[in-house]
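The following pair of complexes shares a single chain, chain A, combined with chain B in the former and chain C in the latter.
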Partner chain A sequence: MDSDDDFMSAVSSEDDVLPDDSENEDMSDAEDFDFDDEPDPDLGMSKDFGVKKKVPFDINFKVFHPSDIQKQQDDLINEVNMILDISKEEAAILLRHFRWNKERLLEDSMDKQRQVFEAAGLAQTSAGPPRLETIPGFVCDICCEEGEGLQSFAIKCGHRYCVDCYRHYLSQKIRGEGEAARIQCPADGCNLIIDSRSLDLLVMPELTGRYHELLNRTYVEDKDTLKWCPAPDCQNAIECGVKKKELDKVVPTVACDCGHRFCFGCILNDHQPAPCELVKKWLKKCADDSETANWISANTKECPKCNSTIEKNGGCNHMTCRKCKHEFCWMCMGLWSEHGTSWYSCNRFEEKSGTEARDAQARSRVSLERYLHYYNRYANHEQSARLDKNIYQKTETKMVQLQKESGMSWIEVQYLNSASQALQTCRQTLMWTYAFAFYLARNNLTEIFEDNQKDLEMAVEALSGMFEKNVTELSDPKLKVEIMDKTAYCNKRRIILLEDTAANLAEGRWTFNVELTSGAAASSSHRR
Partner chain B sequence: MASGSQKRLAKEYADCTKTPPTGMSIHLANESDLHKWHVTLEGPAGSVYAGGRFGLIITLPTDYPFKAPDVRFATRIYHPNVTNDNQGGICLGLLKSGNWKPSTRLLSVLEAIRGLLAEPQPDDPLEARIAHEYQNDRKEFEKNARSYVNHYAKGPVKFDVAPPNVNASGSSKDGAAPSR
Partner chain C sequence: MPPAAGFATKRLGKELQKIHNSLPPGIDLVSAENFEEWFLDIRVLDSNPLYKDQTYRLKFKFSSSYPIEPPEVVFVKLPDRPIPIHPHIYSNGIICLDLLGQQGWSPVQNVESVCMSLQSMLTGNTKDERPPGDEDFVRANRLRPKDIDFFYHDNNV
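On to the complex of A and B.
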């Protein structure tokens, strides 16, 4: 129980855990982070939480825009170009060969320049830059053409081909194979790399654009600490030091400047508090079991009292039957009146006692029920987050009306925007708490987790209910204050929950009923 | 480019038929189409395949020589680097799209395949089980390979295998696809 004490103090200090301005968007802390240093073994993990004001699920990361990515490459190229006295194109080829590890490049090049250049596909000669030439008696070895004015080209190795063949070869590599950084001389057995200047000389501008795009791509892909933001149309990359082997201790959520929040470990949307491996297992399970579970995520259900069909049209789980006015919870179909009190038990699956689970059939039914319990809640928050989003879009119109009706300015109605964002982030978190809980084995910490989950869930449902009110109700200034307070409260409850789960994860205090380290994918016998 | 490719093909075919590589005879599947070759390959002396005659079908893509040729066995063969089915797919480093060079000649491809029969490459297998057997139970492997030779690779070579599922040129329909 030794760990229990400091754990309790971390969660029980209700209101003053965090300064009030700790918005969840403000996750990055770039100033005190210097990437030029030798990477620290656990760079991404703030191991000294509690000492710093930082929350334990905060991860160090940096957003790079396309110009930053270009500049980083240019800076390294210029440096190597000056130190080694080679052209910039050659410096780039060397750097790519060393996966942009400048220190190792320089060290190795000092010791054994010949071997290094050969391995990287660089010519040893210091011949001038390649150019197009017309040589009498030349026969192209690729197309077997010859002729008076046949223009030809060769890089420093001297393997000469006609310009048409060279161009066709390059466009096949760039467009057909998506290759850029490692295009070799077309000669059989020659591993010299075609430099970017030769390429610019030979191919059409539209292909050069693609070529340089691919080069940038390999820069990011070659570095383990860099990943592209997966948002469509986003060109940014994120730098983060969290290593693959640390993913059982930390959930590295990063936020791109484009607004997209994703996991640096697996590139999926933010899935805190569940570790990547659980997410992978959970998604696979959901896909496998989708047929059994599909009916649950359907948009309609029957009223538990009068059986009339009820369609869920907002994010709120508090349902009122239009026909009989029965109030119930969408998730558990239980009485809503039981939900505002200590009776609230919508989030925790009550394990049935042993008697029912005696025979195998009953046990498998219990295990399915257990899965459905968590899946139901997971799917519900996922769906609600989507509905909340739709409602916000509708609310934008409402916000305009609200301005007219109440005389509030555009800025003054922005609290609805904040509420909508809070709803979505919190539902995203809630959704993954259920996947997390599904794999969680009970110990003395799970109850606190379930309490945190319940608190957040209740706050979110309350906010969701207020958020759906109509314009007339919304123009009541009292409701505005309530919504703002509830928004702040939701955000705070979310942070408390994430702090708790992250701290325990980092310390290895959770027990899961599955293996958390990913089994290395069995290497297939044949790659094509 | 199409005419260039035609010129190169004609030259390669002429070279290959004038001085064919050791133990091989080369024909076009159809006199008017340079894109499909039928090669008969004798099992290299001293190997388990000696005494067998193997059919190879070479399909040259329209974009040849910028894209690699498709080469497959028409005759069943028990070999770690050849699929053990009626597709006869071959795993050969120099034919993989990232490795293929447009200056590589079919002559070197054919020689590489002959080399593969003389010395299988169990480290990069298409048939993991056969590769494992080759490495751990050479006697059993040789027995199986010889029995395949006796069963499939004696007598006149037939080229009527299932058409390759890649680079199907469309123009040449043999109409001889066997039932699977």
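On to the complex of A and C.
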């Protein structure tokens, strides 16, 4: 347990460090995490709090590349292989059985090797390397084939089948069922695991690749502190110490080296400031109510003045009708000219009370309106973020043109790139502030939150408007400075908002109008 | 590497030969006209009042990967062949039994051994009930039995 000691000595000099209560928590949670008593990597946000001054919504994590994952596994396998005097393939089977908890494995194997080996699906006897055999009089129990020269194979249990059947069986397990770490002997009721050397001997090379890939996956999947980056084609994994039961206190956003930002708790795209459980509830609600809400998310609306159909083609909410030049807000359809000063009314839903709420019909209408208010804004930012992304792709071309027109260098036009990225991240955050706000019960903190939301929203719309200007306008150096300033301002407003929401979440100061159960109550299903 | 054509056929041919010679008591072959679909009847041999004097019809469907993949086995309803009442048998004949799932299946199992397992599953049962949620399941299910992810929560029934 030397890493625990390291941790203690590392922080004992700090006075303001939070007490490390992870040990106690592990005890109470023992049945959920059977093998979770290994030393925690020093990654949890509470632990590091006193060591390094960090913004409260920033959590510690580490990106693992495929070679790192492989090396960690190989190191553990080699170590167990040497200490226990078993083959590497057997060491790997044991380690997988113990979910890569080496200390636990060694301890248990010293005490009760027989039981441990049996539970892990390892034979007690040691035999030579696996080989194919031709045995006179052999009849295969799977295909009922017999005959001279029929090649057969058995692992240490001695259940022998012909090579052809073995290959079909393994191919079905690997390709059909995606199984690798726990492929058992084909015999009925035999729990012995087929090791990787036997497998390599039996199956075709193209299947071996898939098999080892699946084996590697189990390393990450078996460890609660490791998760795959969900970005398509990304092979990296992320290590993070935030535990399931902490998810009502922290939104653990991590960023992979591939650029993808996601929540370590639920693997969805970054959803700060809303905690995972609210996100789950919100997405379910949106799916359930999608028909009612469909009309809002539509890409087209009618101009409030001339009724001609207008398609939203950029991320900005400031719409100008091509036909009548009427300027209005996409979200509320109100006059744009009023928005400079009264954006407020577009951002916050005024709770309706009194007479209207008295009869049941009105109440349900108010509750639908309330939902639609937040959903409208949520969907709007979701859509705008998507459109901003397209615009960024077009921006590449724009940046090239701008270089020509203004004589700026490639480096000098990078500010458009930064602006585009700021727009993406800020919209992502804004989007989730509306889901967050939907579940937020009013207290003395909600006003600050709404002000922060409003400030960020205004800044983002302003930046989005500048960002969409054409190349000729953009070559004005004054606009460049404005865009750079606004980009920095957007990023700053986003951090201010997230700092506030994260700090209050960590302290449990928000009240939600739904129950937050935290990660402790894992949902159990009757199907698997 | 999917098994070559004829892999299942060969094995089923051998099984059929054996079945024609003899079958355990309470199990009868009804028809085996091809190597895709067979019908068998089973009866419970003891005097379990739940199944007394009843015969049940089983339908086996084999894929070309049989016996590497399990067969699809369901009870079928006919005027004189009811669906046996059992906490693991839905009223549409679908059976929730781990040995028929990919995890529980072993390629050394065969038609005869599956029939015997079902026989003993009935013999040992005392509960006059369908699986929980039977009605909803029967109404909503459009999946083939092999695609249903059963959770075998109680293998002792």
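Going forward, the second predicted complex is superposed on the first by the 458 of 528 C-alpha atoms of A that agree within 3 Å, B and C clash if a C-alpha of one lies under 4 Å from a C-alpha of the other, contacts with A are read in each partner's own complex, and residues count from 1 in each chain.
Everything that follows uses one rule, which is that contacts are C-beta pairs under 8 Å (C-beta built on N, C-alpha and C of every residue); 3 or more make two chains touch, one makes a residue touch a chain.
Keep in mind that this is a model prediction, so the values were computed, not measured.
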> So, does A:217 touch the first partner chain B, the second partner chain C, both, or neither?
Replying inline: neither
>> So in the superposed three-chain picture, is A:326 touching just chain B, just chain C, both, or none of them (first/second/both/neither)?
In response: neither
> First (chain B), second (chain C), both or neither: which does A:207 touch?
Replying inline: second
> Does the superposition put A:169 against chain B (first), chain C (second), both, or neither?
Replying inline: both
> For chain A, which residues belong to both interfaces, chain B and chain C?
Replying inline: 141-145, 165, 168-169, 172, 176-177, 186-189, 525-526, 528
>> For a test of understanding, state which residues of chain C touch chain A in their complex under the given definition.
In response: 1-3, 7, 10-11, 14-15, 65, 67-69, 102, 106-109, 148-151, 153
>> Give the list of chain A residues in touch with chain C in this complex.
In response: 141-145, 165, 167-169, 171-172, 176-177, 186-189, 203-204, 207, 525-528
>> Help me check something: in the complex, which residues belonging to chain A touch chain B?
In response: 140-145, 159, 161, 164-165, 168-169, 172, 176-177, 179, 184, 186-190, 525-526, 528
>> Under the definition above, what is the set of chain B residues touching chain A in their complex?
In response: 1, 4-5, 7-8, 11, 63, 65-67, 91, 96-98, 101-105, 108, 124-126, 128, 131
